[in-house]
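Below are two complexes that have chain A in common, paired first with chain B and then with chain C.
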Partner chain A sequence: MNLDHTLELLRQGKHIPEETVYSLCLELQELLINEANVSYVDTPVTICGDIHGQLHDLLTLFEKSGGVEKTRYIFLGDFVDRGFYSLESFLLLLCYKLRYPDRITLIRGNHETRQITKVYGFYDEVLRKYGNCNVWRYCCEVFDYLSLGAIINNKIFCVHGGLSPDVDTLDAIRGIDRKQEVPHEGPMCDLLWSDPDDVETWSLSPRGAGFLFGKNEVDKFLHGNDIELIARAHQLVMEGYKEMFDGGLVTVWSAPNYCYRCGNIAAVLEIDDQLQRNYTIFEAVQPQDGVGNAIIPTKKPQMDYFL
Partner chain B sequence: MFPGTAAETREERAGMRQGGGENSEADAKGASICCDTEPKRVKVYVLENNEWKDTGTGFCTGEIEELRKDEPSGESEAGEGESGSGGEPSAETGKCAFLVVNNEECPAETLLRSKLEGNIEYQRQEETLIVWKDVDGHDIALSFEESVGCDTLCGFIVQVQRHVANNISLVAVRASNNGTGSVHEIIAGPVSLPSVEKEQDTATLMESLKALNENTAYEYLKNETIEFLLQSSYIDLLINLFNKAEENKQLKVLLLLSSIVKTLILYSNRDILELMVDDSHVMGIIGILEYDTEFPTMKANHRHYLMTSGPIFKEVLPLKNAELKELVKKCFRLQFLKDVVLVRFLDDHNLNLIMDILLDLETCIMSFLQRDSFLDRIMALYNPENVKENAELDDLAEKKKDGIKLLHQCVQMSKNLDPMEKTNFYKALVTKGLFNVLYYAFKMETDSNTRILATDMIIAIIEHDLLLIQNVQHEKLSQEDDAVDMKNDKLASSGNSSGEETEDMKLLAVLTTILLTDKSPGLRGQVVQALTTLLHPDGCLEGAERGYDNSHMLNKFNFGMGPDDDPGFATPADYKSDVTNPDLTDLQLKRYFSNFYEQIAPILFSPLIDMKNGATTTTANTDEQLLIHLVKMVSFICTEHNRMMSRTFILEKGILKSVSKLMEMNHIPQLRLTALRTFKNIMCLNDNYYHRYMISSDVYDPIFILLEENIKKDNLTVSCIQDFCKIISNHCIPTLGLDNNSPSPIKRSTNQIKKSNFVILNKYLVNRFFKVFSGYKDVLFLKDLLDVDERLSNLENNKNSSNTNGLPPFNDEEDTVNMEDISMDSTDHEANAGQNKRRRSAEYDSFTAEMT
Partner chain C sequence: MHELFSPVRSLYDEYMARVRSRSRRLYGQIDSRVRQSVPVMNLGTYLRTVAIDVALLQFIERAGPDTPVQVVNLGSGSDLRMVQYLSVFPQIVKFLDVDFEEAVAFKGQVIDTTTQLKQIVEQYTREGRYELLSIDLCDVQHAMELLTTHTRTDVATVFITECLLCYIPQRESQLLIDSIQGAYSTGTPGGNLWVSYDPIGGSAPNDRFGKIIERKLAHVQEPRLAHSARLQLKGDVRSSVAKAIDHCNVVIRDMWQFLQEKVTDEEKKRVAALQFLDELEELKVMQTHYVILSAQW
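Right after this comes the complex of A and B.
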């Protein structure tokens, strides 16, 4: 597999052969199996929220935030579903991870599961692009190996969804055998599904998975683990980011004009060596193909039909 | 303009009601004037100097007057609201309509005679009031005694609007739910429709667009517009305008046309959508939608794509039924609209509508296919009896490949159908000869893609009904056998050529062979999915979601299972019990699984069995990815199958020893961890036999070698082992009475310390790996194991000073003690069971979720 060539194809949104995807996924398994449930990351680093298959916006993200050659990134999950280029977006991140293992940390989002991708687009996208679901299967195997969180300079905890009543300490997360489909309950589920809200204590989440947690829970977690900030994604923020609970938690959202219609802007959060927060916001731009022609993002139609 | 705001009206109404009530006895004698509606008792008010003046009480009728003398007076014309057929208004132009009120005291005296004309807007305010301003500017209000009376006259106004005076309108005004404002709803009135001029400029189109948009606001206007769109050839007109505009490069016109078509789609009307995708309109509509105000400088190339590079409608064999062909095309085009052309435009409502239409069309196609001979002709391609006939066909190999694609597509399509329809369709497939197709795919064809599609078909069918293929095939063969004895040949020719496996194992045997021989990773993944579905005792892996599909089988399959099985599984009414063979018994199912363990399992797990028999662990034909699948499968049969049956097999064949070896350093980490998880799952079963076996065979040894390799790291391996150790120490806590929630410290009549499987395991591990554990005392989860051991020893010394043996003996006496322990400490047991189940289901999810 020629990584540069594959990267070029991906940037242009072109078809990647099944064998390439397979070997890429295998290599990623080997790489990710050596990563911790909560990866250690050093500053400076740029935290990115949901991507949701918006390949062209992901390319914009890299462009606006320094690029993977110069910048360290943490992606908070939800690479796939909704957008029309889930596969390309995810594979692009995998290729970067393979090329610059120390520059990219990939955290699992609630969409990185078999069950969710079957409903929200990734599975159908693969079926349309390949005529069978093999490639989806390969990617799902990689999902199982993704980290559950990251910790920056021991001070900033990054996770896709939020906190869990079963997780008081970061060490509690280390004890999870993460290589599994995201369960419907328990700490692993909560980390990927929970949301912050204006609540007194742990409350039922309207999502049907995870919990709602409030300032009390955040303060307790920050204090108990001696950290300053929880950086998470998981919820659309029209302004791209939103700090809550006196700055103890931030939601970062990185899919501009979500679903090609929400009209929101996107943001990434750069953490410098002094742990200062610096937000970069960006909008959806007219996507282009590899040679600079403007294109309209769309789904690939199904393959030939018979009867 | 009209009398008052809603609030004002309510006041007025209250006053009028009172007035009406005073005269309520006097309604018996109806005036005998010629009328077109029943007379209804009413009070008449007119507005004078901003005050409503009561001008009397009487009976109100709606009357139609013929202007042309040569025609008879159209009495029944507008009498009953429903009778109007919406016919041609032109025929009725010679009529006038009036609202007439005659004084109840003196029927000859007319209190009101008001013509329905011009663009008068009649407002029905709440239930009993009709208010309007006539063409001379008088504000008039009729307050009816009963709402039924008001209904009648409103019905009259609607008819008049339709047939006599098109420009009048009737609007219902109600106080809104929150009481602060009022809600207007048009009941009848003139509808501004888009222009149907052959030539139109941007201004006209803009107006049409505006009208079409506005008409979506009210149900009445919307329905009238839909009626217009379907009756007129407006869509043809748009396409003509589009063709001209595109030729003349009138971008503004093109964008307007696109907006108009999009607006029409927002009408969410099935007939309009179907009209748009029929043969004569689809290209035009798709062409128009290539232009988009959101991307004004660009144009999509859907038409070009469809006509050149796009999906092709392939006919493997000519489709003779024109109606079916039309359905298939329509289906595809709607899908194309949904997925490509309108993908960013459709909201959930519209999307659901299209999905509903698609489902309808697909249901039609499916039932057509069952009746039509088309599938029979396809299936005949694979029938070994037709070798000669088939040889005359061109591209037979290609046709067979495409035929499998076609069948696969049918099965994909069937996934959305309701369960009964699915059953029927699958039965038809099997009856028509699906097995020949599968036989061809797995035994003759070597192309992985074709095999993948064939496997996918099997999965769809068995996930729906595990025994369908088998039963239908069985019926078919026995029928054929009855008819002609020599047809036994057929049995051999349709896949049972090896003659080793019984009929019910045929599919499993084929899949096993593919798993062990085919190297395509995608196909393997799929075959594993098919195997686990076929071998799942619940008969359905997505039970919770689609339980209704398979519940009937669940009951029959769920024999002899341990207490861990979910008893709360919903079992809805067995409404399709006819699906499975009625003489299917538990016995048969038991035979099915024992056949599996006799005939299939020894082959399926042969790479693991051979390993134990001394073959090297890394032979060329057992690659690590295959071993990962097989080890997961071991975990699956241990946790899901009848305990005794699977355990006997696993232990007799020494499979766990092989799995243990796979945790050694010469294997890839993914495999090593998969093996470790298998032990974790088996350990969680809390099965005495397994526990004793695993301890006495030292299968845990490589875990701690693996741990030492990784102990300085923070990675998935350490997390996995941490989880493993945590399970053990957590299970020991209730035994030791350290858990505040448990009622312990254990009070027992005997001097025995309770030795659960986990306590024994903990002791064993501490003894065996004491050096490792004590070398890493800062590692919490290892320290926990040590702590547990220490406390256990203390407890033991206190309670039973005579028993100082570290490791309890594994003999038959111990066995009984263990059983007693388990049964007596119910909290412990329940906790274990619960945790086992959770853990198992989690791991199990990762193993099987691909099937969802």
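Right after this comes the complex of A and C.
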């Protein structure tokens, strides 16, 4: 596999042969199997939220935030589903991970599962592009090896969703057997599905998986693990990022104009050596013809929500 | 509410099959939406339908079984709600579906080619309980002449407007509301009700999804309608409709509020079990940009 050639094809959104995807996924599994459930990452680092298959916006993200040649990145998961280029987005990140293993940390999101990708677009996208689901299966194998979280300078905990009533310490996360499909309940599920909210204590999540947690739970987790911040993604934020609980938690969202119809802006969070936070916001790639969205490969306009 | 829905699936299927044979283009538009089956869209459609039904049912219930009621669906399109309501509520003495001439002609032709639905519609038409009427609602004077000719102004009446007022120029929509309010008197037993479902937003500086709605409206094929729709949104339909339907008992909820406050936990669970929905934030953004308004006089 010629990695540079594959990267160039991916940046252009072009077709990648099935055998290349197979090799890439196999190599990634070998790389990821050696990573801990909670990866250690040094500053400076840029934290990125959901991508959801918006390849052109992912390219903008790299452009606006320095690029992988110069910058260290943590991606908080949800690389696939919803957008039209889930495969290319995910493979681009895998290629970067292979090329620069210390500069890219990939955390698993709740969409990196077989069950969810069958409903929300990635499975269909692969079927459309290859006529069979082999490539989807290869990617799902990689999903099972992705980390569950990351810790920056032992002070900032990164996770896709949030906290779990079954997890008081980072060591508890380290003890999870992560190499599996995301279960419907339990700590691994909660880390990928939970949301912060204005609640007194653990509450049922309207999503049907994970929990809602409030300031009390966040303060307890921060204090108990001697950390300053929980950085997570998972929820659309129209302004790109949102700090909560006196700055103890931040949601970062990196898919601008989500689903090509929400109108939101996106953000990434740069953490410098002094653990200072610096947000970079960016807009979606504009449609090229002013009417339809020329980056949508089906040549059909994305379904508008206008009832 | 359940009895409204149990017998009608086959009627809707029959109607859609006939739409297909008459207009592949229209059928394709509807069918592609159904096939894509995006959970936020389906839930939005569900909420819109339920919100109208809740308002309508509450009105009928409050009026009581012995009070005659009329329903006037302005801009009814292909809505077949009349079949359900006329079969369940004998106190509905008239159900009037109103739309542009082309829309009315199309609906009439489609119904004409059905079997089961045609029989039902013909029966209600013979009884004088159902009528499909073409009216250009932008021509308010003529519209009022027709409305008052084809309905009684001394009977408790519900007016339904679903995504209609945003397409009518501000001056005409105000005139239409004032005229209807004036013509259908307050003294009727049961009173009168206006139920309106409309988009809102676009006026606040950081209302990004509102801007998206505005942009979509700008591409409405009829330029006059697109322009007025944009004007309506700028003025925020939430306030303009409320102001227009003045001196009434007006209740407005955005559809997110409606989901939270009016849909029971049990019903939420039932709906959640039908289709997995992960995108709660997207749903909230969308539903806070639509309102259901009930104005009683």
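Note that in this section the second predicted complex is superposed on the first by the 286 of 307 C-alpha atoms of A that agree within 3 Å, B and C clash if a C-alpha of one lies under 4 Å from a C-alpha of the other, contacts with A are read in each partner's own complex, and residues count from 1 in each chain.
Assume a contact is a pair of C-beta atoms (placed from the backbone, for glycine too) under 8 Å apart; a residue touches a chain by one contact, two chains touch by 3 or more.
Because the structure is predicted, anything quoted here is derived from the model rather than measured.
Once the two complexes are overlaid on the shared chain, A:Tyr22 sits against chain B while remaining clear of chain C.
Once chain A of one complex is fitted onto chain A of the other, the partner contacts of A:Tyr120 are limited to chain C, with no touch recorded for chain B.
Residue contacts after overlaying the shared chain place A:Pro206 against chain C, while chain B stays out of touching range.
When both complexes are overlaid on chain A, the residue A:Leu236 reaches chain C alone and has no touch with chain B.
Between chain B and chain C, it is B that contacts the larger number of residues in chain A. Of the two partner chains, chain C is the only one touched by A:Tyr258; chain B is not. In the superposed model, A:Thr169 lies in contact with neither chain B nor chain C. With both structures placed on the common chain, the touch criterion links A:Asn110 to chain C but leaves chain B unconnected.
On chain A, the surface touched by chain B in one complex and the surface touched by chain C in the other have residues 261, 303-307 in common.
The part of chain A that touches chain B in the complex is made up of residues 18, 22, 29-30, 32-38, 40, 84, 113-115, 118, 128, 131-132, 134-135, 137-138, 140, 144-145, 171, 174-181, 183, 185-186, 260-261, 286, 294, 296-307. Residues 33, 36, 38, 40-41, 44-45, 48, 163, 199, 206, 208-209, 211-213, 216-217, 219, 272, 276, 278-282, 285-286, 290 of chain C are the ones touching chain A in the complex. Residue ranges on chain A touching chain C, taken from their complex, read 110-111, 116, 119-120, 206-208, 235-239, 258-259, 261-265, 291, 303-307. Residues of chain B that touch chain A in their complex: 292, 295, 297-298, 300, 305, 310-316, 319, 324-325, 328, 332, 335-336, 339-340, 343-344, 365, 374, 402, 405-406, 409-410, 449, 452-453, 456, 521-523, 525-526, 668-670, 673, 677, 680, 713-720, 722-724, 726, 780-781, 838, 841-843, 845-846, 849-850, 852.
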